[in-house]
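One structure is given below, represented as structure tokens, and several questions about it will come after.
In this document, chain identifiers A, B, C and D correspond to the written order of the chains, with residue numbering beginning at 1 in each.
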Amino acid sequence: MEQQQRVYLDHAATTPVHPEVVKTMVPYFTEYFGNPSSFYQTGREARKRLEEARDRIARVFNADPGEIYFTACGTESDNWAIKGTALSRQKQGRHIITSAIEHHAVLHACEDLEKQGFELTVLPVDQDGLVSPESVRGAIREDTILVTIMMANNEIGTLQPIKEIAAICRENKVLFHSDTVQAGGALPIDVKDLGADMLSFSAHKFYGPKGVGLLYMRKGLRIANFLSGGAQEKNRRGGTENVAGIMGMAKALELAHEKMELESRRLITLRDYLIQQLLKRVPHTRLNGHPEKRLPNNVNVSFEFIEGESILLMLDHYGFECSSGSACTSGSLDPSHVLLAIGLPHEIAHGSLRVSLGQSNTREQMDKLVESLEQIVSRLRDMSPLYADYQKKKLTQDDK
Amino acid sequence: MEQQQRVYLDHAATTPVHPEVVKTMVPYFTEYFGNPSSFYQTGREARKRLEEARDRIARVFNADPGEIYFTACGTESDNWAIKGTALSRQKQGRHIITSAIEHHAVLHACEDLEKQGFELTVLPVDQDGLVSPESVRGAIREDTILVTIMMANNEIGTLQPIKEIAAICRENKVLFHSDTVQAGGALPIDVKDLGADMLSFSAHKFYGPKGVGLLYMRKGLRIANFLSGGAQEKNRRGGTENVAGIMGMAKALELAHEKMELESRRLITLRDYLIQQLLKRVPHTRLNGHPEKRLPNNVNVSFEFIEGESILLMLDHYGFECSSGSACTSGSLDPSHVLLAIGLPHEIAHGSLRVSLGQSNTREQMDKLVESLEQIVSRLRDMSPLYADYQKKKLTQDDK
Amino acid sequence: MRQKMQYSDKVMDHFMHPRNVGEIENADASGTVGNAKCGDIMKVDLKIEDNVIVDIKFKTFGCGSAIATSSMATEMVMGKTVDEALQLTNKAVAEALDGLPAIKMHCSLLAEQAVKSALKDFFEKTGQMTPEREELFKSLDDDAHDH
Amino acid sequence: MRQKMQYSDKVMDHFMHPRNVGEIENADASGTVGNAKCGDIMKVDLKIEDNVIVDIKFKTFGCGSAIATSSMATEMVMGKTVDEALQLTNKAVAEALDGLPAIKMHCSLLAEQAVKSALKDFFEKTGQMTPEREELFKSLDDDAHDH
């Protein structure tokens, strides 16, 4: 195998900024550089464009512009929604419900609150990674103030029944937040239809820039501020607005929604082809996440008997850029909490691979990837004492 | 007076991004777009460059790279330093000391804590806006956990004796944070010499992009996380790193420091010329802030008998873009808390103007500005009942 | 959909070229509302003949919209009878200026109140205060500083 | 100044082309350390003649550095006497690979421990375990799963 051209297959971690988005942003660095809070023409011009971006984003989500709050990233949106709700509703109760497969931005925010005396219920998921709406209903107590369940999982791609969960929360007068960071730009989202109170987005997941995100907050809802400071965002989020980033996010979101239907269909075809080929051609492989209720671009598989990092390293050597789980946890040595939550044993969780497809990926790349993986998995298995054990056991069994 | 070319004079609110900084950033949107937490080449490349940026920034401040934490803005840095300290040290005490002239990012963060049961001492300043180090010493109690005093005020430009204050805090084993957002890129800062525990910076104040900042945190210091999430920033600040923004910030900071001495001297000359001309040519004008201990680019004056917004509006009409105080509070109708803190009566505080100079400003612009202000102030005074009253009184007095 | 953030051309015109600035010597009536602490003061002088406003002048300390609404309000009542002038509302002044940014709406109250305050002075000085007219001034003292 | 984040060329070479992969039939001694739960296991087989390691083979389940250190460690002890081999340290293995990223240093322990575990097996099988040698194995049980 020769070193090939690099094939990026980690769009769940981040995406390249769309060239049109870059073109949109650049004038805001030098020409329309004003502080939107300023009074004079350069400031007013920035304000005008910022508010137009808010309008355009609101339109995409069928929201009111007043329901869109700009933040620095998905992590800030998650922290704000969760900690802001906790701080402002602690007199009504100190119980929060979440799921076992949330992103660390949600889980760690919840755990921060736990340390401060809040109680946490972490709902389990089934083997496909689904949270049951009835388990949400069952977990709601008198003192529950917030339910936070993600729309689409970043590792295994499973899509949750968010609309049903939102309805249950509404019935029970409990606030409902959903981390929609992975869904943003990938799935159609109509806030009125969905019925959630808060949603978190991050631009760099849909071909926008890093360092800008938003929190949708239903009209009339008031939670405590998180980033306190100036009067920006109607006094609810301080800090000079990242105008260039916000303009880029608006553009990226619009672009994603314009071609969503087509691109989504294309990705699902690619995704299912890759899954089918891997399951067929690489023995002892299992698919993680729900077979149908999953993000159009997500493939997550476990190869038994081998370890994930060594798979990634060989793939990288051959030019394929994938992940073994959440990019954020790559500093850690434990297997992904998501894979453990769907019931994978540790050793199988260790041998997992996430391929998240994007605009530039083709069927030809999928064929090459499968071919490379066939070889890589077989090489690593030849080195693996676990595989040797398995084969010996099988021989013994076959002898019987 | 004819409509002129626009002259931007509000560099304390924000600055245009330096063209070289834009050039630095652009490749990070499309080419080096990887998530620095990712394992493969595109991710490692992003990581490498990010860490190089951290090294370069550390070098500018004579800090260790490990002491630099990237954030989304000055506001986040302030909130993190203050709320993170409070959360992690609340067992040792719940008393915080700050000053009356802090930016809202500091004041509101402190007030958030007050609502949660922390006690706040807000130190007064003298008529020049100076905090006395001895008043800090006097305010420190057994249960004081944090002192936060800004290095350079954003409205009146006054520079505080931060080194002395830091020493007093160290003596008393109290953490010391300084909001250095306005000082960043304008004044030389050596963290070892300064002796503060935490410092906040925001890139858009020194010709870098909006939406990226940093918190300097002294080696060995541990405070609670604020943005909880992934393992980024050594597990201390979650959120995919804004690589383009960070690269831009590093470049902007280096550029600012390369030409700091020369540019600083140039700005001080311009600043003092403008102050002197205004005081000479516009009667009933007073300078706000310390005459010498002030930011090289800051001019803040009050014109008696008239109101600030109307001054700004006319200036804007003639192409001069200035501010009447902090841009962030322009949504508010109260006069600036800083001007009240230095003892200005409300009606004089209302009639204040901040001119903050920058790289593009020239002496010729100062001359035109003074000329315009002479006319504007006189027109507004002719409309002002306060000025009419004053003149009548003076006539009566002269008659006596 | 979104609130106006910016001054209209009409506001800017009245701000840059305010009508009826000044004082009337030997005015028939005067009124001053607001205070410097709040950031705006308006003083109105009236010249009145046969209960018709034949001249009006103002001086205002305040923001752009305070000055523009002052100017517009004086234009709107000039030549009106005192009872017609009493019908002036801040809403009408703002509308005549093609609207004001939301956070500036309170400034338009200043002009309404200043004109009314001068009219009150006139009715009192001339002994024309009636219970009906009195009713219309009731809000004056409550609201004058309420912005 | 900064910690290494990336694998060296040597690590990559040993990872992509690991030496001494396999098993030895009728090995004189074997050792296995680690467990699948922790994410790495290494098994070492030794062929020993006159107390000299004449052949060594390994199988490893683990990350890139676990595989590379396995390969390097086997190269380092090949041809050595058993007592020389006992001196192998994870630090020496890491250095021979031009260093490892800080968060991967623990992986190099796996290789040291696996070689020692096989040597222990050899000494015990051949009745050569002495108190001095015993001393050198003390850390084995404590550390083996401590990564």
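One rule holds in what follows: contacts are C-beta pairs under 8 Å (C-beta built on N, C-alpha and C of every residue); 3 or more make two chains touch, one makes a residue touch a chain.
On a predicted model such as this, the values are computed, not experimentally measured, just so you know.
The chains in contact with subunit B as well as with subunit D are A. Farthest from subunit B, judged by the mean position of CA atoms in each chain, is D. Chain geometry summary: the mean Cα position of subunit C and that of subunit D are 91 Å apart. One simple way to say how far apart two chains are is to compare their mean CA positions; for subunit A and subunit C this gives 57 Å.
Centre to centre, using the average C-alpha position, subunit B and subunit C are separated by 39 Å. Those residues of subunit B in touch with two or more other chains are numbered 309, 313, 331.
Across the assembly, subunit D contributes no residue in contact with two or more other chains.
Within the complex formed with subunit D, the subunit A residues making contact are 305-310, 313-314, 317, 331, 333, 335, 346-347, 350, 382-388.
On the subunit C side of its complex with subunit B, the touching residues are 7, 12, 15-16, 18, 21, 23, 32, 36-43, 59-64, 66-67, 103, 106. The touching residues of subunit B, when paired with subunit A in their complex, are 6, 8, 10, 13-17, 19, 21-22, 25-26, 29-30, 33-35, 37-43, 71-76, 78-79, 87, 103-105, 108-109, 111-112, 116, 202, 204, 209-212, 224-232, 235, 238-245, 309, 312-313, 315-316, 320-324, 326-332.
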